[in-house]
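A, B, C and D label the chains in the order they appear, each numbered from 1.
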């Protein structure tokens, strides 16, 4: 099978990771790296290589030997670049977040549909073996109804000039929720709190509570101000509990065969009697997940979606659902009220 | 030095732990165990023992050979029992929470003051070597300004008939905050969210955000519905970060010699330039804490406070500050707004 | 059912643990504690107790209200005390090691048999839920043929005047091996090495290799000179591998569903071709073991064995097998050769 | 500074790792990859690359644009290839072990000296930040006299046709010991035991005890038959203990500020009194080590040694000391006696 031909736009923070993975992929032929700064692009390409360096996006998009582009530039430039690429007939992979506002995002989705081209979000974590396993365990009913999700993402990172900590880190958690929950990222009114104890002008620490359809709740904690990295993600189900600790390579995912149930009749509750919640204390099961770089699996999915003429697992609609919760979080932070994410965004 | 003479009231869930610790203490002579059910009291006392069993509190309080009582009965009975004991001239130790409402609590504090007797709260965790170390590290300036506190307490436990999950579990976190923060539990408007996915009639999962005086924030997560136990408590300071994991006996407390700072001038922020937060990535230090049962240290403090005629480290005022945040949490849950804890409660 | 009546002889290092467990047991009534030093015995008994203090073993053994004794004195006194107690008609529990030489040990076993009384060794670890689970997994064929056992026991401990580190620590490992292996502690010629880098006059660090019947090997590492505690015990089987880490309460035992097999024919081996060992990389399974104090389960087994008139799980024969490997280790240390443990010791 | 020009010989198991690291290094220009199988070499080089593929070593060694070669072929071919390269004026990096016998090894060292070219061993672990830190802590006296070293290396790996498990895995442990101990790999008579429970014709599980100069001991456990990976390395010193767990990225090295000392006078020992070993139980210190790939640091050292005209940190003499202990281990396995490693090997 012929390789698909890709160019990477943006040789900054994340671009080199994309370059490395397209290069190592049996699906892809890396044709060019494009950056306004040719030295930066050349450094990413490296010595003794015939991968080309481009500095002009328009010229790149006119080339016939490029099937697809991967956009790793600042979020505010995503829409213009992606629309131009789609209109030039290229398939497009975009770094998260999809765009800096919902209107831009909607336009990108519409142009992709009109052009019949793939529009894929690099929601990297959805391609980890861990998240795919969690999704499967929920879909198969092993976990049972999801009672709660607790995600803590304390991460080294630059405090960014345009956005608060939610926009930087929460897209990871939100895209994972969208991916693993049977109903996707379909949440009720969002309550967000934040703090900026160093006076940077934006929230550097944040917490968001997202009501889930069945009465459960997802809590997301994000934090820029800690030099200690924590990535813990717990899914509590009626039948079993899943714990994902991405920093423990020996045991990333553990399935606790433990559940809770309420044995008391509503009458008893009304009479203020003791409520009998019974816990089943079973074994722990640690699945043997293959150790694979998520980015490698992500570029494989991009190729597969193009070849099969189908939407990628993490498509533009998924990107829009994430964006609309981010907007609701911002409004809740500003108003002090719970705010419902805009619907219809991701029909 | 003569031993102080104690009676334990309540032989239910927690009473046996108090009995064991008073018995093993060089400071105390356990005279009697009092419970409405004499068989339950006798079972706690055990065989071949001359510790007496009582079923009548009034008779117990009339005894001359009892210096102090420890009250381990349901919260709604605390006020009446404690006031009676104080008025009978006994020193009083109460299980948390201090009372079921602030008026009762205030009365208990006032009677203790009027009688010149010690009123102590069993805020057990404040007596762990871990929490005492954390308090010291903050007081000594090692941690620096507290930017955030993240406390996760996911615990096995009965869903209780009278109270929601905050009243059951958050007193631990709140009493620890009151103990370790230089300004005590002096927090801004509280935002709380909760969920009751099993339909028990009260929140079984909860999250509360408490603004701290200097612009920082404390987040508290409590959860009854998980058979997986997590107890993680992180204090992020400007200079260093403290991580307390009570379920890791090999390394309960770790002090990360890592800090953050903002190097950018306010002007730059206004111009939307990159904010330079610099991270200092230093070593981790794990102090050698002695392994001691917190309850043992707590009963020692009770004796010391009585003998020295001073307030215990966790006194009635501390109990009132905890209570007033619990009430604010309940109001925030009900109203969907942030709610300021009642001041003056703990003058 | 009437309680059995016990007296503990020896109120030193280990005695108080026995006292606490007999006291808490529904099977036992603790009648007396016996020690040459009456103050030490009284301290162990504690206040407000009617448990009696004895200083004379002969008088103790004459009492009619004592069914059994537990001997927690130095090893060199075990034989005399145990034989006297057995001849007085008492059942006997002895701390490890059974005796300081094999002749004494044999006499103890013979007297117990002649008197029809239980002689039990306090091989405490055999009563942990972890070891009982390991034994079951091997007996059920889940682990498959045992290819190797690696036991590391690095322990705080006093350097003892009479014995080297093997006699102090290895009885734990040896009694566990005796308990879990289908053929018991039936090993080939033992090779032992040791070191005494602080010049104490006896090995403070030791390693022993014990060939197992099927071609496998058990390695035991013991060490007094480390203030860092390690207790790791791995059983590698043809089908699965068991890892027991007693210092990890969240996950004491893990069963790795992983095995190895050799696919190459002997001919290939002769021709020095690549040997195909295939690894099966399956999941990890962590059983839900109850958290129970091993000593509590041990005293329950002592009572059960007496009531059912059967040998205890860890009886005198087991103690003799452990002793004879300890002697072989000493001889190997002294001679620099592999030494076969004396057979027939534990027929 | 001009880059040094390297060719990698051998595109099998380890070659691709060398290729990747030479490619990413600022010190090196990867000119060619040489393998008997041109397709295998081409696959390692990858697409859109101008790195050349060679199949003839003689032709490669005649090239003027190659300063150095890295040899990643089977051990029995090392000597011939390395000597040819050295005589062609190339600097040489060799995978471990240096050669398959001591005579070959000695010849390699002599030719390198005669030619004035660098001969370096890829003792990879010596270039990890962890091992360099351990070496420094010992050299600085922080650890104190080394009382014991315990190294456990349980590793996935092919059972190899030519060698037993010691030759495959123990070179890692031995080269680390040679690197970190003040006196290098200067050990007394070696005792080795092994087992071959699957009947492969060579030891698949092994243990070796190596007496250290000051009375201490190093124990090495290696194992092919476990699908569970363990890499634990403990250095017990008189003042402090170092624990290195290479599979725990959050805390690879921990320095326990704990030591032991003997307070008893020799007279007391003679009188069989209690020996007072006192333990100092201090804090644990986890140094902030940079996360760097050891191979990257190794190729940097190769370049630095060439440029500075000095011996590399892990030179041919180090390789010979490792070889001579491997031979002693084999002899001890065969004879059942302790065997002294051949001296003068590594003068």
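A few remarks follow.
We take it that a contact is a pair of C-beta atoms (placed from the backbone, for glycine too) under 8 Å apart; a residue touches a chain by one contact, two chains touch by 3 or more.
Everything numeric here is computed off the predicted structure, so don't read it as measured data.
Looking at chain A and chain C, the chains that touch each of them are B, D.
Comparing the CA-atom centres of all chains against that of chain C, the greatest distance is found for A. A separation of 42 Å divides the Cα centre of chain A from that of chain D.
Between chain B and chain D the centroid-to-centroid distance comes to 53 Å (mean Cα coordinates, whole Å).
The multi-chain contact residues of chain D, meaning those touching 2 or more other chains, are 281.
Partner chain B is touched in their complex by these residues of chain C: 23, 29-30, 46-51, 247, 249-250. Across the complex, chain D is touched by residues 251, 254, 257, 281-288 of chain B.
The residues of chain B lying in touch with chain A in their complex are 145, 147-148, 150, 152, 154, 156, 158-162, 191, 193-201, 204-205, 207, 209, 211-212, 214-217, 219, 221, 223-228, 230, 234, 236, 238, 241, 243, 256, 258-262, 264, 266, 269-270, 272-277, 279-281, 336-338.
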